[in-house]
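The chains carry the letters A, B, C and D, assigned in the order they are written, with residues numbered from 1 in each.
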Amino acid sequence: MDLTYTPEEEDFRARLREWLAKALPELPARPDPLDWPGRRAYDLGWQRRLYDAGYGSLHWDAPPALRLIFLEETELAGAPYVGANFVGLLHAGPTIAAEGTDEQRARWLPPILRGEAVWCQGFSEPDAGSDLAALRTRAVRDGDDYVITGQKTWTSHAEIADWCELLVRTDPEAPRHRGISWLAMPMDAPGITVRPLRTLAGPAEFAEVFLDEVRVPVANRVGAEHDGWRVTMVTLSFERGTAFVGEVVACRRTLGGLARTARANGRWDDPVLRRRLGRLNAEFTALWRLIQWNVGAGGEAGGAPGAGGSVFKLRYSQARQELYDAAAEVLGASGALDADQEWTAARLSSLSYTIAAGTSQIQRNIIAERILGLPKGR
Amino acid sequence: MDLTYTPEEEDFRARLREWLAKALPELPARPDPLDWPGRRAYDLGWQRRLYDAGYGSLHWDAPPALRLIFLEETELAGAPYVGANFVGLLHAGPTIAAEGTDEQRARWLPPILRGEAVWCQGFSEPDAGSDLAALRTRAVRDGDDYVITGQKTWTSHAEIADWCELLVRTDPEAPRHRGISWLAMPMDAPGITVRPLRTLAGPAEFAEVFLDEVRVPVANRVGAEHDGWRVTMVTLSFERGTAFVGEVVACRRTLGGLARTARANGRWDDPVLRRRLGRLNAEFTALWRLIQWNVGAGGEAGGAPGAGGSVFKLRYSQARQELYDAAAEVLGASGALDADQEWTAARLSSLSYTIAAGTSQIQRNIIAERILGLPKGR
Amino acid sequence: MDLRPTADQRALQTSARDLLARRFGRDRLRAAVDDPALDRALWRELGAAGFFALRLPEADGGVGLGLPDAVLVFEEAGRALLPGPLVAGHLLAGVVPGAATGERVVGLCDVGTGGARLWEHPEDCDELIMVEDAGPDASCGDGPDASSGDGPGASSGCGPDTSSGDGPDAYWNAPDWPTLAPLRSIDPLTPLARVVSYPRRAPRALDVPRLRREATLLTAALQLGSAARTVEMAVEHAGRREQFGVRIGAFQAVKHLCAEMLIRVDIARSAVYAASLTGQSLPVIGAKVLADEAAVRNARDCLQVHGGMGFTWEADVHLHLKRAWLRLEQWQSGAKAEEALAEALLADAAAV
Amino acid sequence: MDLRPTADQRALQTSARDLLARRFGRDRLRAAVDDPALDRALWRELGAAGFFALRLPEADGGVGLGLPDAVLVFEEAGRALLPGPLVAGHLLAGVVPGAATGERVVGLCDVGTGGARLWEHPEDCDELIMVEDAGPDASCGDGPDASSGDGPGASSGCGPDTSSGDGPDAYWNAPDWPTLAPLRSIDPLTPLARVVSYPRRAPRALDVPRLRREATLLTAALQLGSAARTVEMAVEHAGRREQFGVRIGAFQAVKHLCAEMLIRVDIARSAVYAASLTGQSLPVIGAKVLADEAAVRNARDCLQVHGGMGFTWEADVHLHLKRAWLRLEQWQSGAKAEEALAEALLADAAAV
């Protein structure tokens, strides 16, 4: 057990902090959330700056402690979120790095790291949500291409993506998990239609992607044909692991903001609310420690967080909803019912946390069966 | 919708209240909980008084409104609990009344109502708890007798019972639910061994009953041979229905006691505790109304409460545990940790409520499948 | 003694459900999401159907029914997510001319201690009634003398109360009198404004405690209807949606969520119906607490059962959740309600 | 930066587990349930194994390890349900002669504001240390001058504090000095007495805030061990017990209960281990809150998974629940803990 950092790590932190203090004021104004081209330019521009300063690949191939420091410091400094680079840096990139050929790595990774390419995720389908392996988007081999027809949903940043990490069914006869392949699909290929998907939290962040005989070269397949399920599991374990580090830091900052707002507006006089905030303090402190634990454990296991990520994800998604429920209490009626209030908007978004990237019900199955070894069942 | 009582019902209440005011002071002192013969005599004696006053059968064959008034008034007056008469008056009795022959009713019901016979329940087995239909106690036909071998558990009052309502497997070849029969077994038959079963709440209230070639006449079977499962369902629906009326009244009284104790010892100054008690007030008031609803509905359906009893039982067992958790808060450390405190002992007993008579998990299945019509599954 | 609705009451409830299904079905609901301006024709139709005049004496053109009947009708409005100042219209039907028939749309705003000061559908109301607490320091109006002429008062906040303390607790306002703070309502079906101040120029003699009690009960009935509807939606979805080769309703995790939803509805319904019969303050407060919990938690569980689909704007789940959050803030709720229920335990030493 | 125990620490934990399995296995546990008098031989053996002297300097005959190591050992004691004033023995090993070796059994009782004033194993303790809050009105002893001679003070309750406010916050007591109120402990393994009053005759200079902080942390470690053990018990039972023709662990309802239990353990463990590294007050308080929750709720869920069997005296589930309830009342917990954690949010404006 050790919470201290090595001198090298502390040095890394100091230099990063210094760089952030210089780099952040030079950033252009943040674009409007509805300005897609603006967001693309902004997010890629930030990644380019990180790359030029030597921080471009911290998200996936740095030693765990450095990655943690990077995520902590960028969040503390109020640096831009990973934004449109999310899938490239945290899903597709690490997957290609782990499973791709040398050619594939050389082709796709540098543009991601240099802030030149946006990736999106084409996994979920209308009838394949929790049951991802039920996906039906078909890829039929035709010479050196796959010809792909189907529909994907919950694809974020599809409007501005260059590439899509796409799961397709290449063998409809095989058992569900054995006939799937993982492809990199260029988003400018003919036959792709993107339609924004509006959520209960308001403006479209996600899209549906319709695929009508889209041709993707066989060379764009990562991993063996029909072996996409295994490749996918690599990606998903990243999603459930360290993807939330910055968010936990942000939640702890929000919690402090709630306390100060409550004291300013008088709600602090309510001990029920106060004690609730105190408990959330314990909760988010522990979640932060659990992330550190997972990062340490992941480092040993080779970088990919395991089922322990499900433990974190379950508790965190619950805690995040409780945080914004508490925010509604702090704000009182006129704030909690005002959709323009930042915390109220965040409360709406938080509702997706127990659903997206594996519902809480699915996560509990994973924990019970894979960690606790309980018998499989319904 | 109507919460008023008819003049006849109000008259019944007034006469009952008057009678209770006279009868209760004449009662002997309550026996020690460990004095089994004393408890038998006390409980049967009270039933005899009720019988002589014309209240002996209020528990099962009165109109619902009168039954409700009876249970409410006896509890309010601090009358003895149904105690050792529980199975006779609320399980076996109603079952025999509904399913027995004229001879059987004439033989077994009057002694129950007159306070002359104690019944116990022989349903659960070590390997048949939630899955009652898995019971293995065998009954083999031998002339006019069944010869019974097996083991029952969670049998309350077995030490002092005259009769046991016993579920046995009469056809081991048939599907699980089709080979069971319902018997009335005299507890003095040779081959019966009763062993007290100690619970986490302390002294033995329950027993294990070992059956070694016990002979029970075929004439003691209620309902057709192999049809015991259906007969049992009649009994269980009673258990989940009105059996808790008196307890809810008692819980509401306890809640008032908690509030007054908290004010006396200063815990009332804690708004967290106060609001918790306030919420429990809403909860138990609503549970009381739900019982009234169920009684009304049961009256129309012919006296046997339906799956609605599961709704009540689930919420009530939860609320009862919350009530005694709140009691621990009111008492503070030295009370909550003192096993001699009445509320602390009740807190321990309350732990069985989400398990006994069908766990909460089983009740949720019943509600989901039988009321909501969701597909059967695991 | 039977808490269940009578045959007549069931018929009343069915006719309300039929009217709403006919006049405010899913297409109308989704159209209202895009344009929440009140449908005045529907409002008049509700008036004609007796929605507002339900409890007025027949001699005055009312239907002559009671609070239990009103609760059943409001439960249906909650099920259908019917928007608009329904509680105001019903409670002020005998007070404000034109309200009973639905000709005029009237708003009702609680500005007493802890009142949310929120005004539903401010653009659609022809007039507005403010209710305050009695006694000094309890209200935040401009005071009867704070403004003159026919414009709204100019005060921008809560000054010391200059009233005598036993004056009226309700004030009539023209829609342009109060000073408002903008608010983008979380519920797309219910535009809101926050009342910052208002003139106390036109006092009205109203039984404010009774008004509050009945508003609380009717709001609880709306919550109950929403809670009941979200169980149905969850069960329908769980019985249809397949994942892992079976309908998801076959999974215990889904099944048990649905079972808990039903329990919340049954508990809330017992409390709401019983409170409508006694009309007493404490049962009403308890019913609101339980109905609030049922509406909010059922909407969330319904969302969880729906998975990603439930998170879309196109699904109706979020409309139930947002409305439930809104109603949670209206009339008696939260800390004040629980404190009142706790206090009653002390007062109630003798009874059970 | 790695929160996981090192190889050395894992070895330490394993050896503690082995010692407890050998010397306090299930037979001994159940024997102690029937007769909870402390096993002095075992106590000395714990002393010899370094249980109490773990953090004393090697020069003083200690093991020279730190708080993180102590936490790992106490986690094992919690798993095994080992009874006795373990926290007292460990924290007073450098203060009370004979405590480090286990020769003498010493009790520790918190009589400060909100302290539970409960004394574990009063019949078995050779001496007792009382800790109070500093400052006026904070303590409930008889005062240094309230008694004379060698008998216990005669005061029967809390009088005004006559101390100067900067005097010592700890007092030594012989086992027969305090006035006790009887209490039949809910935990059959842990006899209790409530300290009504005691003489302040033998002041001791102790760092009371630190003592409290470490006692809170070690108690949290005990809770953590119990919580981890009840998950194992639930999983073992669910993987063995058959109902409806399958092992009950195949049912989602059971599976998800067990998953939530594990989550509570992992969260509590992260908090407890991290707090042992920083040793700071707030992380310690937070760790206790989470470990309390894990121990109590896991024991209850374990009972639910066990069904009727879990409700029997013969099953060990209730022993975990009762001990968890007991530890919940010891040292920092509940309202005071949550208030401190809330207050820290305000103080902590700059940091995250």
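Just so we're on the same page, a residue touches a chain if its C-beta (ideal position, glycine included) is under 8 Å from a C-beta of that chain, and two chains touch if they have at least 3 such contacts.
These figures come from a predicted structure and were not determined experimentally.
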Selected pair, greater C-beta contact count between B-C and A-C: B-C
Return the chain whose centre of C-alpha atoms lies at maximal distance from the corresponding centre of subunit A. B
Quick one: report the Å distance separating subunit B from subunit D, using the average Cα coordinate of each chain. 39
Interchain centroid distance [CA atoms averaged], subunit A/subunit B, Å: 53
Which parts of subunit D, given as residue numbers and ranges, touch two or more other chains? 246, 250-254, 256, 335
Could you list which residues of subunit A touch at least two other chains? 270-272, 275, 361, 364, 377-378
Mind listing the subunit B positions that touch subunit D in their complex? 124, 127-131, 134, 153-154, 197-200, 202, 270, 272, 328, 333-334, 336-340, 344, 348, 351-352, 354-356, 359-361, 364, 378
Going by the contact rule set out above, which residues of subunit A touch subunit D in the complex? 1-5, 9, 65, 68, 76, 249, 252-253, 255-256, 258-260, 263, 271, 274-279, 281-283, 285-287, 289-290, 292-293, 296-297, 299, 308, 311, 314-315, 361, 363-365, 367-369, 371-378
Under the touch definition given earlier, write down the residues of subunit D that touch subunit A in their complex. 1-6, 9, 68, 231, 235, 238-239, 246-247, 249-252, 254-256, 258-260, 262-263, 266-268, 270-271, 273-274, 276-278, 283, 285-287, 289-290, 335, 337-346, 348-349, 352
Which stretch or stretches of subunit C touch subunit D in the complex? 251-253, 256
Within the complex, subunit B is touched by subunit A residues 270-272, 275, 377-378
